[in-house]
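By letter and in written order, the chains are A, B, C and D; residue numbering begins at 1 in each of them.
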Amino acid sequence: MFVSGTGLPLATPFDESGDVDEAALRSLVEAVEAAGVDFVVPCGSNGEAVHLDVAERTRVTEVVADAATLPVVAGTGHPSERVTVEQTRAAADVGADAALVVSPFYHQHDAGAIATHYERVADASPIPVYLYSVPKYTGTTLPPRTVQSLATHENVHGIKDSSGDLETLQRYVTLTSGADFDVLVGSGSVYAAGLDAGASGGVLALANVVPDLASEVYDLHANGDDDAARALNRDLVELNRAVTAEYGVPGLKAAMRSRDYAAGYPRRPFQPVSDDVRAELVALVDEALADASVE
Amino acid sequence: MFVSGTGLPLATPFDESGDVDEAALRSLVEAVEAAGVDFVVPCGSNGEAVHLDVAERTRVTEVVADAATLPVVAGTGHPSERVTVEQTRAAADVGADAALVVSPFYHQHDAGAIATHYERVADASPIPVYLYSVPKYTGTTLPPRTVQSLATHENVHGIKDSSGDLETLQRYVTLTSGADFDVLVGSGSVYAAGLDAGASGGVLALANVVPDLASEVYDLHANGDDDAARALNRDLVELNRAVTAEYGVPGLKAAMRSRDYAAGYPRRPFQPVSDDVRAELVALVDEALADASVE
Amino acid sequence: MFVSGTGLPLATPFDESGDVDEAALRSLVEAVEAAGVDFVVPCGSNGEAVHLDVAERTRVTEVVADAATLPVVAGTGHPSERVTVEQTRAAADVGADAALVVSPFYHQHDAGAIATHYERVADASPIPVYLYSVPKYTGTTLPPRTVQSLATHENVHGIKDSSGDLETLQRYVTLTSGADFDVLVGSGSVYAAGLDAGASGGVLALANVVPDLASEVYDLHANGDDDAARALNRDLVELNRAVTAEYGVPGLKAAMRSRDYAAGYPRRPFQPVSDDVRAELVALVDEALADASVE
Amino acid sequence: MFVSGTGLPLATPFDESGDVDEAALRSLVEAVEAAGVDFVVPCGSNGEAVHLDVAERTRVTEVVADAATLPVVAGTGHPSERVTVEQTRAAADVGADAALVVSPFYHQHDAGAIATHYERVADASPIPVYLYSVPKYTGTTLPPRTVQSLATHENVHGIKDSSGDLETLQRYVTLTSGADFDVLVGSGSVYAAGLDAGASGGVLALANVVPDLASEVYDLHANGDDDAARALNRDLVELNRAVTAEYGVPGLKAAMRSRDYAAGYPRRPFQPVSDDVRAELVALVDEALADASVE
């Protein structure tokens, strides 16, 4: 096991002019570390990686690696192998401990081409590689049999599964059980269930808003109290939906601000949420915190 | 009308090591110009724009602009406004005459955010902007009412519609009929039908393989011989499907090579087609040429 | 060619209590015949066939066959072969001239099972069979190669294609060109384009509202005036969308009533449209009629 | 709680000529009762309800109600309210204890129309009604907020959720927690996880093949041994996929036969699986049984 526990796919704070706000980013890293997460993930989907150019992504990773004391798993995937390798090497150079590589998007590829893609990236990467399956953004679910095969590559250490589909996650766990391979839950609504199914941890957008509670789900489970982990997770479902499927990154950042995290602005074409949505998000955050404190 | 006729979304030739083969690219531009197309489009979907980094895209545009005598409409869209604007300005600097801006992808955005995105890009662009709706890659169909509204922007000159859906294309034409706005057909199987519906021209992957015949469809239509245009187009449908929906960019490049165009290799994760597919493509090219010569 | 021209997939008028209103149905048949359509199609998708039981469907077909002087092509498809055959034989018994058989729905089947299904239904049917591809309801597009093969069956006479996808329709036409096989356009927005592509006619929900204009599209095309056919069709696109994709059968019936056709009520779970939608539909009907009169 | 535990959505055995094999059906009911399930569900999706006409469905329900000592929850949903009510009353007349009503399919309806549909069916039904959400067949996921509202109807007793999506199931559980409302898991791969999330039981196609093991998952959970329930369920995932998503009803029936259950033939257009698939299914059954015996 290379990483485990609760990973935080850091939102990237932009200032009003759309520049990366490095001071805010550092402050965010410090705040979430203090809240108890186990590793940080700059430049994931919720970090708006696709809104950054190659140099910006490397710089964001550098700032995070510099500010963090925890392991850093940097998002480095692009549609092409070449840029992915370049981005991965750059991430390693600036201090990332591992790379999270989203499956190629825009063009579709068959399972064979995807497997070859990951093998070549893993061969070229100086740091361990994590697969990343996020069908809502890429249109592709990494096939469990392909993941099973890639799990035997010595530089492929795990997968983040953001499908939200527990059957698929269970298959990833079962089919890779003979390898040293981490399955990480990518969907905040099924974190506890994924841990029950054998996942090693999670990388959850939701953790940007409630890093403390997301970590507590993991800790409760790790301490053998599955029931309490699930009960706590249940209280986070409506909030999780609001900051992902419902309102996306702008919703996530608005919810973060309600907890005084340095979320900054989203980058355009994202637009800040309306006042009504902001109020709804604040209410959901409050409700989740209240429910959780009762558990 | 800013551009009209048959545009060619140039495949980007890579050499065996995956570098852009500039000599091949120049030779390709010359060859397709000689075949009679009306404008060229570097860095579109079939040019594997998403497989290039920002600097490579600009360089490809520069090489094409330098080699071409025809108008150059360069693909400059990225998921973020910022990189799109940067790429668009760079394209203008190196000689592009207009920009083709794919709708934001990876993250989904509502119609209002998409409209604002295009307005801001068009405001910032030194060259005319064409919208680009390609739902199979982006998951988004540009809503006809949004396009109607954007058509009134003085720097938005048209749209490439690759939905393949004639109803949508017809609505684009009708709803923008009061503006100076070009609707360009993006799907080779419905080129003649799209022209019949009022499109000003097309930008067709298929034209990489048969630039002569694609241009002839337009010319026949322009000369009032709709029936002959449709008959010729009909002979290209199976070939068009094979080099787009069926085998994608690798299929397109294999078919191009069968006609001695300097297609080069696709960039990974694309892999060259198998020998069987290559043979199938050669047969489809031969059949299309034979059928067309009879019309 | 067995049927050609403009077919009308009759809405089924229900009374307020939800019973079939046979008097209204007869009156509707007479009215649309007077408006100039070429054949009638009871128990299609817009006839709410799935809202009728087997006996009701047969009775609706009987009433229509009795009232009509034109050919009657009755919808007889069910998810199973057995009920489809039973319904088809009953339709023949009560006077239907041909059967329109929707591809099996609810469960999905591969191309081989679909081909066998149609072969067995056609073998058992005393009347000619038309295939029916309507992916928005069934989730299945009949594969062109399967249709090509079925076209050689002596009792399979054609296909209604409601995909709206002109490439698919063109392939149906081309691949069955050697057989005596009718391709009928099932989408009102692309009627003229489908005829241009070689279709023999259409079966259009829109014709319930404007049977006169739908027929005129066909007649103009048949008389060689393709341009006028397309121009007229173009004026019907917004109305067509409103009575199909936008507001469905309740919208269709509201629009019909605005022209004094005996549409009756939809069957629940359909609910009548709101007053706002009704007003929008009336405006679209008026606009279409006004535009058409100018052409 | 009206029903709980493991429900079995009985396959409907047909003989070679396609008739319902009533003797086989009785024998199947007896066999699965002996294997320990808690209630039986004739005429569900895997019972090929859509392949039966109204009278056949009633007769199948009657045979099952006559043969069964356990509660009978009969599938009675059709696309229209009228036929659904008729089928539901008939089911009650022949001895069904409750009705499982699939959401209206073929035509799509908005949440308001769906809610009204269920309210009217529940008002008219002499027996308790269960909602049924099965998006892979209907294209519709019952919205959690709609389910929350329907849960307050005194004759709506629960829902079968076959989405396979644990977040949705969790929301159904949470949002209806104030009502006397059963949430039943409809996907065999997530049975244990669904019970962990608060479901009252399940209705699982898989139980046709391994009624003993499916019941054991429930019993282990009910006895507080969540870990063992999940471990056993995990051993059933590959088999579950094979008899549902992968090979459908024909695969289910082949797997049943390998355990000497009276599965009979599927009704056409379903075709029996090939010998290769049959061998694969036998192997998966053997593997599941072997793994389960080790747990």
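Going forward, a contact is a pair of C-beta atoms (placed from the backbone, for glycine too) under 8 Å apart; a residue touches a chain by one contact, two chains touch by 3 or more.
The chain list, named the UniProt way, goes like this: A, B, C, D = Dihydrodipicolinate synthase family protein.
This structure is a prediction, so every number in the text was calculated from the model and none was measured.
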Angle (degrees, nearest 5) of the CA superposition of chain A onto chain B: 180
Distance from chain D to chain A - Cα centre to Cα centre, in angstrom: 35
Gap in Å, rounded to a whole number, between the CA centres of chain C and chain A: 49
Touching two or more other chains - residue numbers and ranges from chain B: none
Pairs of chains found to touch, sorted by chain label: A-B, A-D, B-C, C-D
Parts of chain B lying in touch with chain C, wherever the complex brings them together: 164-167, 170-171, 174, 187, 189-190, 193, 196-198, 226-227, 230, 234, 237-238, 241
Sites on chain C touched by chain D in the complex: 18, 45, 48, 50-54, 78-83, 86, 104-109, 112-114, 116-117, 120, 137, 139, 248-249, 267-271
